[in-house]
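The structures come next, written out as structure tokens.
Each of the two complexes below includes subunit A, the first together with subunit B, the second together with subunit C.
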Partner chain A sequence: MAVTAQEPGAAEPDVVTVEDERADRTFAPSPLGWVARGAVWVAIAYVVLVLPLSFEGFEVQQFSQAVIYGIIGLSLNVLLGYVGQISLGHQAFVGIGAFASAYMVSVQNQPFHVAVLVAMAVGAGQALVLGGVSLRIRGLYFALVTLAYGLVAEQNVFQIEELTGGGQGQPAPKPGGFESDWRYYYLCLAFLAVVLWIDWRMLKTKGGRALLALRENPRVAATFGINVRLLNLFAFVVSGAFAGLGGALLAHNDTFVSPEVWNFNLALVFVIMTVVGGLRSRVGVVIGSAFFALLGYFIDKFTFLEDLLANIPGTPDLTAELAPLVIGPLLLLLTLTTFPGGIGQQIRPIQGWLRGGRFDLSDRGPKEVQISDVRA
Partner chain B sequence: MSVLEARNCSIRFGGVQAARDVSIAIGEWEIVGIIGPNGAGKTTTFNMITGFYTPDAGTIWYRGQDVTGLGVHERTALGMGRTFQNVGLVKGSTVRENLLTAQHLKADYGVLAGMLGAPRTFVEERTLGRRAEALVEILRLGDLLDTQVAGLPYGVLKRVEVATVLATDPDVLLLDEPSSGMGPEEAHRLGDTLLDLRREFGLSIAMIEHHVPLVVRVCDYVYCLNFGQMLAEGKPEEVRNHPEVVTAYMGEDAEDPAVQALEGQLESLVED
Partner chain C sequence: MEALKERRGAVAGAGIAALVVVVLLATGEKEALVIGVITGAAYGLVALGLVLIYKSSGVFNFAQGEFGTVAVFALWLFDDKVHYGFALVGALVVAVVFGLVVERLIIRPLFEAARVILLVATAGVALLAIAVEIWLGDAQGKTIARAFTKTDRFDVLGVQVSDQRLLLIGVLATLAVVLALFFNRTNLGLAILGASQEPTATELVGISVRRLSSFTWALAALLGGLAGVLAVPEADSFTPGILTSGFLIPGFTAAVLGGMTSLPGAFVGGVLVGVVQAVATSAPVFDDIPGTPGTLMVFVVLIAVLAVRPQGLLRKAA
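== the complex of A and B ==
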């Protein structure tokens, strides 16, 4: 069906061609290439699935925490990466999820799966209320609302004795069948896999596409028939549910929830690990989150890192706990100024290669586009 | 009955009366042109029709239904499709992704089902993909399917934009300066495209346009706005020769020889 009729005077046809940068889409690795890729896949699987077994219980807990941070990072990625809104109160979502789950198990004597579902529902419910009120504002103002929410939760919700056991905290035993640390580690991995699947499917279907469109250009999104406010709210709810899930898993990983840890520092770490991991890059976010979760552990384990920290001028009492708050901003600065795609951008060549493509160092991912609304 | 109608719409922004008592009707299969100098309220009128602004007074009617209170996305669902002056596309995404996004309402599954990976969504996604490919074929953008939108030339972007609007499956197209950034030849071809689109898809079209020859050639009816008010309306030739329209475009001293020379150029363009 030739709609654009050719004028006799118009000599050149208006079919546009651009040079394809990755000309050979038909590239297929040699058998040896496949073996090499397979070996790397096996190595990754070994590190994730088998290696943790050779560690002590306490250390496996650290690895579980890294996996859970991956879920939390993905939760923030939905908000920061897809919606384009920053939450500085995400620790409240995670913390309230943790307490909700611990409370359901310890006080209400509910099974683990019910507790997790409740934690997710509580996270989603908070997001629904907070988002319903505040998602009409954007950027810094929304960040301030979430910041205030986090502080309010710290002063109020985490002081409810029934829920949090007052200052002593709430016990949160591991679920039946997953009492050992490494079994629980696999449970966390399974949850991470589910979250990754949902995130992947979301972006491949209309919901995720609509989110990306409205982040960049809400007016255009609306003319595409997208209900901008509803979808924004929906994404926030998804993010809240993931955060609640992360909180519940954290609670049972430590078998105890203390009200003290859910402070603004943690919110900052969550934001930094997501941005450094690389917004809109699933694998990058998980790696970044795991890195920040394990940072303190590594510093404790490898004494030379501790010495290194002690030698940073002007920071005499830098402990392993505070290290993420020093190293994080440094990495954040590096991300914002030099590598806007974070870790996700750095590992793209490797990802492409593992999928059976060329090792293409020039693959920097989709070009970041200056977000500008249309004139209307 | 008109497909789309604005009845006596007025809107004020602070001290500026951007539109006063504007009435526009787009009939079935009609191509309507809206002309006027810069700041005349043309885009404002479009914004009231498509729901970005709610008029202070007046109503918008779509096939006999009062849609004044509906949101932008609800009007899209009814069958309004619009383009923007400076290209309404998701620039960070590829042409294909834009075409898929534009089929948001065509995708026959819920957002939640898509997230959870319901089998039906995989089937439906393939259907959407085929529709995207067909549209790209129609507007002859085939090679660009997997190219990121940012970086494409302006004239091409305008065509991609038309493709995405068609992907929303509209009954009425509202085009905001479709020929901007095009040379006379390209604009001429655009005219053909519009006429063909009307024939192929049974569309009614309203367009804001500065390119007078294009308006005269394809429009059945023309409205001319100035300072937010309707200056003249009628058949293209009538409006073009309307003395007040000439004054609005050329200024008070239309007697000036330089202005007359300009007018002469305009005339010759039309005759081409």
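== the complex of A and C ==
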């Protein structure tokens, strides 16, 4: 405790500085603490990298799908989390990416990396055009335009037989060197890592900080000389490219693409997993996305869950296929009204601890800025 | 002359509409014209509800279609138990209660949140409603009786117009006028507009913004419910989420076409979108489009309006 007084014996000192003993030193975990943290890191690495090896075929595909959903979730996070816009037709971006990649490989006989690049370019191009039109007027018109676009994709684009291969779907073989399911799983993990890295670096740039300013208050951002339309477009393009990538990876994961799965419900599942995961929290979004990708699989696999859902009194069976559609929106509404930070906010204490900090339960992350005056 | 200049959009819209009518009559697509107007009336009714919520809370209400589907399911449940009239009223009550519950549980806690969050919440409500409908009512198509069973009383340009459809058009036209008067002439209507522009100032002059919010959502749910119970019996069968999958996007397009805040605009927009869709479905020019040409043409209209006249036909340029 340090006390500064101008005159000895003065009744009240002018300045009193009380220093907290604990805050004085930077916190460092004890050796035992490091061991505990290391053990948890190893456990996480085991679950992500090693555990999937003990499964085969269909189940590994489910895990790959969870990883790919992580990419799709990050793609929506760019819109919803960073610029405060929303796409309700993301299933179209993902689906068209899937068909573009499958078409390039199966019909045009192009190699996998070309197909993926084409899928990303197609996704970015669609987002650029739709975004350009919807930004002509202030407001969330991107949501409307993408919603209508999703239906067009479902009822027009996916009816083009040459692209979709008709009723059986378009075959999309796994790329050379990654034919086995678990190798492909690692390929998806690598892509997820790249997307995470791009997302992280993007926010560190001047443009990235401007993006965040945009979400907080577009008018103030414009006053500071930020080109609001251009940055919005940039975010749409990045999001569209990520979605196209996710689609391409999904296509080759299942080794064929069917035109039937890309509907409005899927678009909303994408939105739900992103919001429940926690906007602006990369780890949260990936966890949320993986959770929703695996929810049906878990219900199917753990029969006690299935029995539980089938025996809700007074209701028909809640099947493994339908359960995510009922549980998802419930979790979404609960998250929005009660825990706006989603999973990302809930796991912040654990994240801090794993990085070598204290286990601080009061760490709620940066405070959400409430915007009541901006009708954007 | 000045008034005409101010209403340039409306004049242009009327001009386009007249041109469309002439072209359709000349090319022999007159059936499409009639079918378009009567399906468009249902879109207009959905659009009215969307405009109402947009005017009062500045948010696109993606749950508007589900207000209607919930009413349709309620009507289907009540129909064989009580007289049709009572079933109809019961269905509308269910829709209004649903709207009030959504407002109380979802909209009100998010009063201060960003608009995009509110938008996501309404979309979540829509998906939850659809999922619960599939869960409790199964996904099979169901049929529902009309309020008026006579289907061949009138014959317009070779198309038989059922009494139900006349009722729908009548209800829509009446509502568009009554609501426009309500917003411009009554204290309650002005209070709703005030609350959307300056909520704090509205509170300060002694108006409860919360009660207004409950009122507008109940009214929007009533409009959605009306659209559902009047339009869906005309279809052969209905499935869960029918108003979201079939009416929401044309409804939004109609609202955007009308300027998003104009109630008569929603009516006009609905009819125009209906005609475009009907023509795209029947005219041979569109046969080469894969899948459903009507969907694509509605999308083209939406994009064209946003690209050429984003403020819509019936809104004065701000």
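Quick notes
We take it that the second predicted complex is superposed on the first by the 336 of 376 C-alpha atoms of A that agree within 3 Å, B and C clash if a C-alpha of one lies under 4 Å from a C-alpha of the other, contacts with A are read in each partner's own complex, and residues count from 1 in each chain.
Everything below uses one rule, namely that contacts are C-beta pairs under 8 Å (C-beta built on N, C-alpha and C of every residue); 3 or more make two chains touch, one makes a residue touch a chain.
Being a predicted model, the structure only gives us computed values, none of them experimental.
Contact with subunit C, but none with subunit B, is seen for A:133 once the two complexes are overlaid on the shared chain. Of the two partner chains, subunit B is the only one touched by A:210; subunit C is not. Using the contact criterion defined above for the overlaid structures, shared-chain residue A:219 touches subunit B, although it does not reach subunit C.
Contact with neither subunit B nor subunit C is seen for A:355 once the two complexes are overlaid on the shared chain.
In the superposition on chain A, A:202 makes contact with subunit B only, not with subunit C.
When the shared chain is aligned, subunit B comes close enough to touch A:234, but subunit C does not. Shared interface residues of subunit A, touching subunit B in one complex and subunit C in the other, are 374-376. Interface residues of subunit A, counted against subunit B in their complex, comprise 1, 3-5, 7, 9-10, 13-18, 197-198, 201-202, 204-210, 212-213, 216-217, 219-228, 231, 234, 238, 366-369, 374-376.
Touching subunit C in their complex are the following residues of subunit A: 80, 84-86, 88, 133-134, 136-137, 139-141, 143-145, 147-149, 151-152, 155-161, 215, 264-265, 268, 271-272, 275, 315-316, 318, 322, 325-326, 328-330, 332-333, 336-338, 340, 370-372, 374-376. On the subunit B side of its complex with subunit A, the touching residues are 43, 46-47, 50-52, 71-73, 76-77, 81-82, 84-93, 97, 100-105, 107, 109, 111-112, 114-117, 121, 125, 137-144, 147-148, 150-153, 156, 164-165, 168, 185-186, 188-189, 192-193, 196-197, 200. Chain contact summary for the complex, subunit C toward subunit A: residues 58, 60, 62, 105-106, 109-117, 119-121, 123-128, 130-132, 134-136, 138, 199, 244-245, 248-249, 252-253, 256, 289-293, 295-296, 298-299, 302-303, 306-307, 310-311.
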